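Same chain, two partners: chain A is paired with chain B first, then with chain C.
Here is the complex of A and B:
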């Protein structure tokens, strides 16, 4: 077990290193640069000559260390990362870690909240639709979850804010109360965003669990349970669920990745000062240290969830526990590992669901 | 010969699947299972042999129309509500299947699975349950209990898994055991072991065993009585010994000719076209039958064969077929 964890941990570190190269490298895809941007901004307010502007771009580039060779820049950044320094923002001059610290709470609350809702609603419904797969009720619920997946969340967020916030006044349409203001006021502002964000993941959980549970319910060992006269409650919960839950556990890191992307929009629409809004501003401003720091954080979060998912699976399934090599088989099978290197980028690009998941559902 | 009590009686059992376009899987099947005896059910795929087993277990898919009677002692099982049926399954009738290693849950320890099944019927103390399970494991000759109970199914061989499933049925208290191709997935040497085991368990615990297989040679080895099914009907019934040595139905003869032998060329059964509704009139087998004649346009009933009252066949010419079989077997000797 210990070697399994060690091996798996090593994979995570390698993945994150690859991820960091991608994160660092992708800035070259964006035209212009922070120095030019800042200068342009400054130019608007003052009367700066072209020559002055060019000089300022030069000066800023030197100050930001952008004149050094790219690998030196990368190494300096990575060195900082290992020492816990993610650099300082080009714009606000605030350390990136400080900004993350300030912005983390609302985003984490959104993500964890939406994840919990999707599991608490999705697991029972996924089981139910599988058990009742031959009945109208099961098929109807499954069809609804299919619609749910195709709901665009920017649309849903806007509609929710308008209907429940502006028209019905059940919840505030926009705004955020931190947890420090008390759980009640905090939840009052967060319930609508969390529910909005959880719609699509809930549907994913339902459909994945329905799929795996249906397979498990057709399996010979479940038939044995019936043939030995086990009560249906025991067949479903003690016997089948444990076998069917594997794909859901590997789905969780993917959901976290897609939720990270989802927060960008939801935070924007509900005006919540979280990581999502921070990332948008950072990308718009070409604030390299800020963007890199935030995306790396997203990568780390997803990697941690991936690691936890793999370890949980090895606890649940003795076949995985015995041979550590099998862990990666399971990972591949459920398409979790495949998506990992791309996840940092995916979070920014706001890819709603990684391709691997989509294949499974179709 | 000692005649055990009759544990399960099936009378005129009909099974229809309206969901699958009204396919009729069983068309009036009657049989009886007695304690200490083994009944073999032979037939090709689609003959309804597995359906008969599942019907007795009440495990046919919802929406299936079952008529006729399945009596377990004094109790009528056809139409029994699911809640009560649940208590019958495992406790009185259990079924084991072809799958061996996948018949047990891969993520649960064997001990937990045995405990779960046993407790569903005998909610006693931990020690009582354990004692039952150990006794059942002894019956299937798994003496290394501690290790077996602590193992996961993938750590055990297919033969051991099948023994455990049998033990599960025993520890749940079943006296009627339905076995659907229980050795097909196993190595030949292991098949022999399981067969020998079934034989001793039936004798020791006075079980009524129904053995379902397509393989007549296999059934001949183990069964006291034999029933041959074709298209949802019994076409021949009798003691295993007499049916095998001198079949009275052309279909039984054809099945026997399919058994590979060292000395003669193996016969092949004409292909069966995909599901073909049994025509209302005429013998269901007449399209493939080398013995067909004019009377076959009318369906024959399952009638006693001339030679003995214990044997019956569903064929107009059963007497002739039997005579031919007897002559052939004598000429071989």
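Here is the complex of A and C:
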């Protein structure tokens, strides 16, 4: 098992390094290079001549080390990242890490809240729709969850904010109270965003659990459980659910990625001062040290959750624990999992890909 | 006089054969000796009858939307930019099917013109994805082990980001516009195509017809382009439709945030956020653009389901 974990850790490190190269590289997409961009910004307030601007570019290039070879620049940047220096925001002149620290709490509350809601609602409903898959009620619930996935989440968020906030006045449509203001006021402002954000992930959990549970319920060992005369509660929870819950564990990193994207839109609509609004403002201001830091953070969070999910599998799956199978062999990974982009929004095709799901669920 | 007639008629080279039949025989594929292989119209009809009802509905809706996008300037619509400040936030009426927005602009006309940017965005995004993703997947699947590993780790790296966050990163550098937004989305989605293509190429690589053409001395490039790629494109085509429907939604979301289509140009996403500000006065305005986005995205993915059925049939 130790070698499995070591190999998995190595994969994470390599993936993160690839991410860092991408994130470091994109500032070179700016026409004229990074220094020209800073000068353009500085130029806005002053009246600089062409020659002065050119000298400014030179000076800034030297100051930010842009004259050095690109691998030296990359190494310096990576070194800074490891020491917690993500640069300073062009706009507010504050260190990026400080801004991230200030903005983290509301976003994490949203993401963790929505993740909990989607698991607490999705797992029972996923089980229920699998058990009642031949009845009208099971099919109806499944169809509703299918609809939830294909509806754009930013539209749902808008409608929720409008109906429950603007029209009914049950919750504030915009605004945010930090946790330090007390749990009551905080929840009053956060409950609608959390519920809104959890709609799509809940549907994902329902559909994935339904899928794996249906397969497990048809399996010979569940038939054996029935034949042994076990009470239905024990069959469903002890025999079936335990074996069906694996895909949900591998789904969690995907949900976190989806929620990270979703918070951008939900925070924008409900006007919550989190990481999502931070990135929107940074993009509006073309403040790329800020966006660079935020994109890196998102990548690290998803990579960490991916790692945690795989480690959880290697602990709870006896085939991996005893070293007789690799993580990628146990069939808990959905083929669609990595191959689905744009998960930040409604990934319409995700669960509808029966071929991909079938080949991976053993 | 007979010479004059021959100028207009095709020279008789059939040697007494009935030309139309001869042509049909020539076009017939091996395996259908009577030459009754389905072609043209009949082929479309049989394709139509073998896909599900949902896919048919999706196909019709998609065709209608694409036609609307192409024909918008010649359709008898009101000017989507003309403001009527005495008729703002109006409900649906005979004159304005979907009402008017906060500047008194006709929402129906804006929705119809919005199809242009929406589908344009999908096409741009898909083009970028395919141009990057197909070579990526082919090289990974057909290149050496080390190259494969490097390219797939890079794909993992790119795919582990939430797409919209990475797209925002690109836009912050390139500046906000529909094309930049869709290029960014296309780049973000490319590794998904690469992964899929690689997994389809791997078994084909060992197929007998590939080995045979290698033994006959065909170059690697020729094998990949003539034999591997055409046989591996089916799944990629199907995925293209799912990606198309996702691109439509993501494009609308980026316009919604203000980074896609720039005002005052009509766009579904930006119109939705504007209508939201006036929800209490005119709730209908918020419902329409979202519903249209949903229908359009669903239709594209329904067409994709139909294409998958056809790919599986063949």
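The criterion applied here is as follows: the second predicted complex is superposed on the first by the 277 of 362 C-alpha atoms of A that agree within 3 Å, B and C clash if a C-alpha of one lies under 4 Å from a C-alpha of the other, contacts with A are read in each partner's own complex, and residues count from 1 in each chain.
Basically, a contact is a pair of C-beta atoms (placed from the backbone, for glycine too) under 8 Å apart; a residue touches a chain by one contact, two chains touch by 3 or more.
Everything numeric in this text was worked out from a predicted model, so none of it was measured.
Applying the stated contact rule after C-alpha superposition, one finds that A:230 touches chain B and leaves chain C untouched. Look at A:179: by the touch rule set out above, it reaches neither chain B nor chain C. With both structures placed on the common chain, the touch criterion links A:315 to neither chain B nor chain C. Legend: residue contacts after superposition of the two complexes on their common chain; A:219 is shown touching chain B, with no touch to chain C. Contact with chain C, but none with chain B, is seen for A:298 once the two complexes are overlaid on the shared chain. With both complexes placed on chain A, chain A has more residues touched by C than by the other of chain B and chain C.
In the superposition on chain A, contact is made by A:134 with chain B only, not with chain C.
Looking at the shared chain after the overlay, A:9 reaches neither chain B nor chain C. In the superposition on chain A, A:288 makes contact with chain C only, while chain B stays out of contact range. Residues common to the contacts of chain A with chain B and with chain C across the two structures: none. Those residues of chain A that touch chain C in the complex are listed here as 11, 14-19, 22-23, 26-27, 29-30, 150-152, 154-155, 158-159, 161-162, 166-167, 257-258, 260-261, 264-265, 268-269, 279-280, 282-284, 286-288, 291-292, 294-295, 298-299, 302-303, 306, 338-349, 352-353. Of all residues in chain B, those touching chain A in their complex are 57, 59, 61-63, 86-91, 94-97, 99, 102-108, 116-117, 120-121, 152, 154, 165, 168-169, 172.
Contacts from chain A toward chain B in the complex involve residues 134, 219-232, 234, 238-239, 242-243, 316-319. Residues of chain C that touch chain A in their complex: 153-154, 156-166, 168-176, 185, 188-189, 191-192, 195-196, 239, 242-243, 245-247, 249-250, 252-253, 256-259, 269, 272-273, 276, 279-280, 283, 286-287, 289-290, 293-294, 297-298, 301, 304-305.
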